[in-house]
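Two complexes follow with chain A in common, the first pairing it with chain B and the second with chain C.
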Partner chain A sequence: MLLKIAWKNIWRNRTRSLVLIAAVVLGLWGGLAMVSFSLGMMDQRAKDQIEKLISHVQLHHPDYRDERKVELFIPDGLQVLNEIQQKPNIKAATGRSLAGGMLASPRKSIGVMINGVMPASEALVTQLEGKVIEGEYFPEDARNPILVSERAAKMLKIKLRSKITLTSQNAEGEMVASAFRVGGIFKTIDAKYDEAHVFVQATDLQRMLGQEGQIHEIAILLNSKEEVLPVQAELAEAFPEVQVETWKEVSPELSMMADSMDQVVWIFVGVVIIGLFFGIINTMLMAVLERKEETGMLMAVGMKRAQVFKMIVLESTLISLIGVPLGIVLTQLTVGIMGNVGIDMSAFSEGLAQMGMSSTVYPMMEPKYYVIVAIQVFVVAILGSIYPAFKAVGFKTQYITR
Partner chain B sequence: MDLNTETNSQISASAPTGSELVVQTIDLHKIYQGVEPVHAVNGVNLEIAAGEFTAIVGPSGSGKTTLLNIIGGLDRQDSGDVIVAGASLANLPESVLTDFRLNNIGFVFQAYNLIPVLTAQENIEFTMLLQKRPKEEREARSTELLNAVGIGGLGDKRPSQLSGGQQQRVAVARALAPKPTFILADEPTANLDSHSTATLLDIMLELNKKEGMTFIFSTHDQRVIDRARRVITLEDGQIVSDERR
Partner chain C sequence: MVTKLAWRNLWRNKRRTFIVIAAIMFAVLLSTVMDSLQAGVYENNIKNMVGFYTGYAQVHQKGYWDDQIMDNTFEDVEGLKKEILANSHVEEVVSRLESFTLAASRKKTTTTQLIGFDPEAEQALTKLKDKLIAGSYPSPEDRALLIGEGVATKLELGIGDSIVLMGQGYHGVSATGLYPIMAIAKFGSPELNKSVIYLPLKEAQYFYGAENRLTSYALLLDKGSAVDEVVADLQQRLDTHAYEVMNWNEMMPWLLQMQQADAGGNKVMMGILYLVIGFVIFGTLLMMIQERQYEFGVVMAVGMKKRKVALMTLIEMLFMTLIAIVSSFTLTIPLLWYFKENPIQLGGEMEEVYQQYGFEAIMPASLDPSIFYYQAIVVFVLAMLVYAFSINKIFRIKPVEAMRH
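Right after this comes the complex of A and B.
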């Protein structure tokens, strides 16, 4: 009977109850939409970083990532690469020679990371080839071709086929330099990355450094992110003399960024939930106060205060039981549609590019977030009814005879 | 008519010797504190026996409603005692008092105060549900009571679909449903027209005669006073007359 009365009480003031249900639906939707937006953004960034350069798993000399010295190449790197490329669970793998250096045009110079890549296998592992917006991706007949980013080209005031000089330090600590000709200009969504990276052929860089046949990095692309840990374990066992790291270990700033983004989102969700909490208190309090006499009557004829309390909490619970599933359905629809169409954030593209993010965000959702946010909203709906319920049980039975 | 009227400034309204007492108040006092404290009930000694049909009358502010609230366990006295169906209400904890009201006292209010979202039959069943009576019993008794108060065909109507008189009949049926020891009615006819008042009084008198149900009213309504078999008059919180007919 309590349930029946609570249910019928909800529909006494249809408009007010619908507004409250709408608040629950929109609160849930708002929270989940933010989560899905954040997840989509971070997933894209991770995907972009993986496809752009990091790939899923990387191999280095055990000391290379700490010291970044050119002499710390992978022992028998090309052989290791060849063995890895033969493994059936590896989608693609490539080797890279790396060196820090200066890129100089006649007018200006900037510090860069020189990536000596193997063009054919690199194209299978990363999307570098597809990021070339002008010129060609390492034309076969070119001599010492280099890919520079659009941003770097602007900074150095160079263009396609401009001659530029790369300077670096070889294993003996001597300065070495080589002239390169701009064969292509690339552009990714990550402005900072673009400013700091150039690509040459691995053989050219090795020649410049005097390290023919030596590679510092093997980048491996897998079929999915889920295979990362098993493959890491397998390779670590197969090649104990090299360091095998996942994309998260190679780029800890990615997961740090995801964590901090996560925190911002949860703060936003918290604000939405707090707003919802006070909305529920306000509405339930109005509903309770206008039933002062009736509540007095219920207690006069024998309803216990605990039952009155339960009835008010039940009303709020029922409202959230209607609102929460509707909110989830609305979110699923939104994520389903926007996840395919994408949200155009081009108005903020400059800022997003600085953070290495795309200007189109494709929201996505993991089922656990539905559960977390739905429970939060549900709990808040119940908590929001506690003060009004206490107010109701404080009514005096004699209100009925005044 | 058997007139037994006392008109002292403060009298004890006693029940006939040897009769079974339903309500007894002993030197009951209730003061409302305020800028000027009001002595709403001032040393009332009252006895009401089973089967009585009693009207408590008096001008506004005489303490009728306060006295009824205390007898009904809706309010607490400042001093004195109330014994209802043999139990002193003075020290009963709130939850026990609620159960006591449910099982011993039927209430009929001036504004009917039915639960607007329930049908007439559900309103009648409500108190039985609080008593945890089985469904079959609830349905049978509510149907029986609907017929007893003359609205047998209106069980599925909501209060808003009923006239004032019909709503008050539902309220009487609701009060009777938990099989209380007596019924307290606060100005039950104040919002009713003459016809509805007469019908309601007929029903209550019938219940009083046939089932021996005890009724205690507070009222201003001369039509009720005329048909009451005992009239207790209050003035300034004191009983000034106790008339039996």
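Right after this comes the complex of A and C.
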């Protein structure tokens, strides 16, 4: 009975009810749009970093990442790499010899991480070849070629074909040095990374260190982020004496960034929901005030206060029951379309492209967010009707029907 | 006349007026809070980053930043420091002499940044003393090292052990020395943690053969927002042929870039919020007009032109928006001040990672006045736009039908 009255009340004043429904739809859409946009943005950033710098999965000697000693190479590394490259679920894999050292020009020296890479497979995993902005990517006939970053080249005042010296420490703790010739200059998305890394051929570095055929790191690129955990489990089982880590473990900063976005977004979603809450109180209050006489009449003919209260809360509940599914459909449509087209951010934030970061964000969604935000909106819609309902109950009967 | 009518209309039905005013007030409140939180996060990040090491601004020998070698040092003359301290925003001038140096134990060698430092001034800027995990904080006269935890692990050394340092000093002299470790510190930034070695300034100058010379003055300011002003002032008063004055954003351009990368995302978020609050205002206005159909019908019937009626409502709207915006400040300022003093704590896993990096896991509000002005203007324009959308309802009113309600 009460339900019927509430339902009829809603359609008696269409404009008002449509405004309320639209507020619910828009509130839900707004909250979800924020979530999907930030999910898309986080994914884009992680993807940039993974595909250009850290890869999905990395393998090391169990102690290497803590101690970074050259003698901690992966046992039978090349064979492990070979086996991994054969696996069907892996997009690309490469091995690296690594050593900390000094890069010295006649003018100055800086501390760097020397990356001994396998040029062909490295290009597949981190697109290193594409980052070379000047010179050539490890030409076959060059002797001891090295790639230095634009930033390091500037600091050391060196250019293409300059001769520089790399100094490092071998497994026995002796200082070893070798001359290299700048074959190319690179630039990545990360200026700090650039300052501290140089690339040489793995074979050249291994010869310098006296560690022929030994690699310290295997980096693996997968087809998607979803495959990371299964692949990690599979490799950990296949190679028990090697440490297998995911991108999140390799780069906690990156997952920290994702987490921090997550919490911040929820605070913003909260702001939108508060906006909706207020919109509903506002509109319902107006609706109630407008219907003073009518409510007074209902009470005069014997409707109890509790029933009037319930009726108004019910109206709001019904409205959100209509609004929430519509909002979800609208969100799905938006995310579906924008997720394919993408939102071009270059107009809003200059510098993205210069940093080598993708400037198009593809909003995306996970089902759980629909549920969370829908519940929030629903609860807020009902809560928003409570104050107006109290107001309605408070009207004095005689005064109203006068 | 119309203005008078509009003003009276407002107070004829106070409750309705208050509801509209409240809707606009709330719009200003929400958009200001959101903008202020976004800005506050950046201010806090910058504060954290510059507090790690660089300070908000630095003074060097001209050309030092691009070519950080010992030969690009400057003489630590008393007048220079005084000149910098003359700016009232500068609280402390932190002297440093730093360069790359090889550090070796009996078994291991690693590349490090050797920083000659003034223990007292350094404490004021980077709170170095608070980061000690072993040993005692050096005094200016000590000839001993304070090293990063990562350096100690790498060299497999502890308090009391000695380190051999080898580097290049002033005018190409080779610098070598043997120093005991008197303190180990843990730095938030992993980068610093595994590469820094501090040596009291006097001894460092002796080590590098750079008597009374410095690579940089790092400046501690009373507030971060004063940095542009300070840099401009110093560039005016110091001899810019001899010295360079640099802002943190020139020394750490990636920090600014990261913010720019986020700025676009924040704008999209604000856009979504404007949509929602714009609609709340729209809904309120629509209902107000609907409620007043009868009244509008009457005034039109007695000969008021539709355009005049629209003008009247426009003036009403202007009054309400202005009242709302002005009164919203009485709400937003205390609220934001509260959030600045009691920032939102970010919890969970994130708090741990943040702390690990030496960041505070908080989301403070920014009280930058430009935020208030900007949001007030945006909401004003928004309210007017929304009004323009709802106005055509008035033009469609047929007086006879309207009065039948």
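Keep this in mind: the second predicted complex is superposed on the first by the 302 of 402 C-alpha atoms of A that agree within 3 Å, B and C clash if a C-alpha of one lies under 4 Å from a C-alpha of the other, contacts with A are read in each partner's own complex, and residues count from 1 in each chain.
What we mean here is this: a contact is a pair of C-beta atoms (placed from the backbone, for glycine too) under 8 Å apart; a residue touches a chain by one contact, two chains touch by 3 or more.
The structure presented is a predicted model; accordingly, all values stated were derived computationally and were not measured.
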Which superposed partner A:E366 touches (first chain B, second chain C, both, neither): neither
Partner chain in contact with A:G302 - chain B first, chain C second, else both or neither: first
Touched partner set for A:D63, first chain B, second chain C, both or neither: neither
Contacts of A:E294 with chain B and chain C, given as first, second, both or neither: first
Touching partner for A:N9 - first (chain B), second (chain C), both, neither: first
Per-residue touch tally on chain A - higher for chain B or for chain C: C
Partner chain in contact with A:M1 - chain B first, chain C second, else both or neither: first
Sites on chain B touched by chain A in the complex: 65, 68-69, 72, 74-75, 94-95, 98-99, 101-103, 107, 109-111, 113, 115-118, 122, 125-127, 129-131, 174-175, 178, 186
Of all residues in chain A, those that touch chain B in their complex: 1, 4-5, 8-9, 11-12, 293-294, 297-305, 307, 396-398, 400-402
Chain A-facing residues of chain C, complex: 15-16, 19, 22-23, 26-27, 30, 33-34, 37, 41, 66-69, 100, 102, 107-112, 153-154, 168, 191, 195, 253-254, 257, 260-265, 267-269, 272-273, 275-277, 279-280, 282-284, 286-288, 290-291, 344, 346-350, 353-354, 357, 363
Of chain A, residues touching chain C in the complex: 15-16, 19-20, 22-23, 26-27, 30, 33-34, 37-38, 41, 67-68, 100-102, 107-111, 154-155, 157, 169, 173, 175, 190-192, 252-253, 255-256, 259-260, 263-265, 267-268, 271-272, 274-276, 278-279, 282-283, 285-287, 289-290, 343, 345, 348-352, 354-355, 357, 361
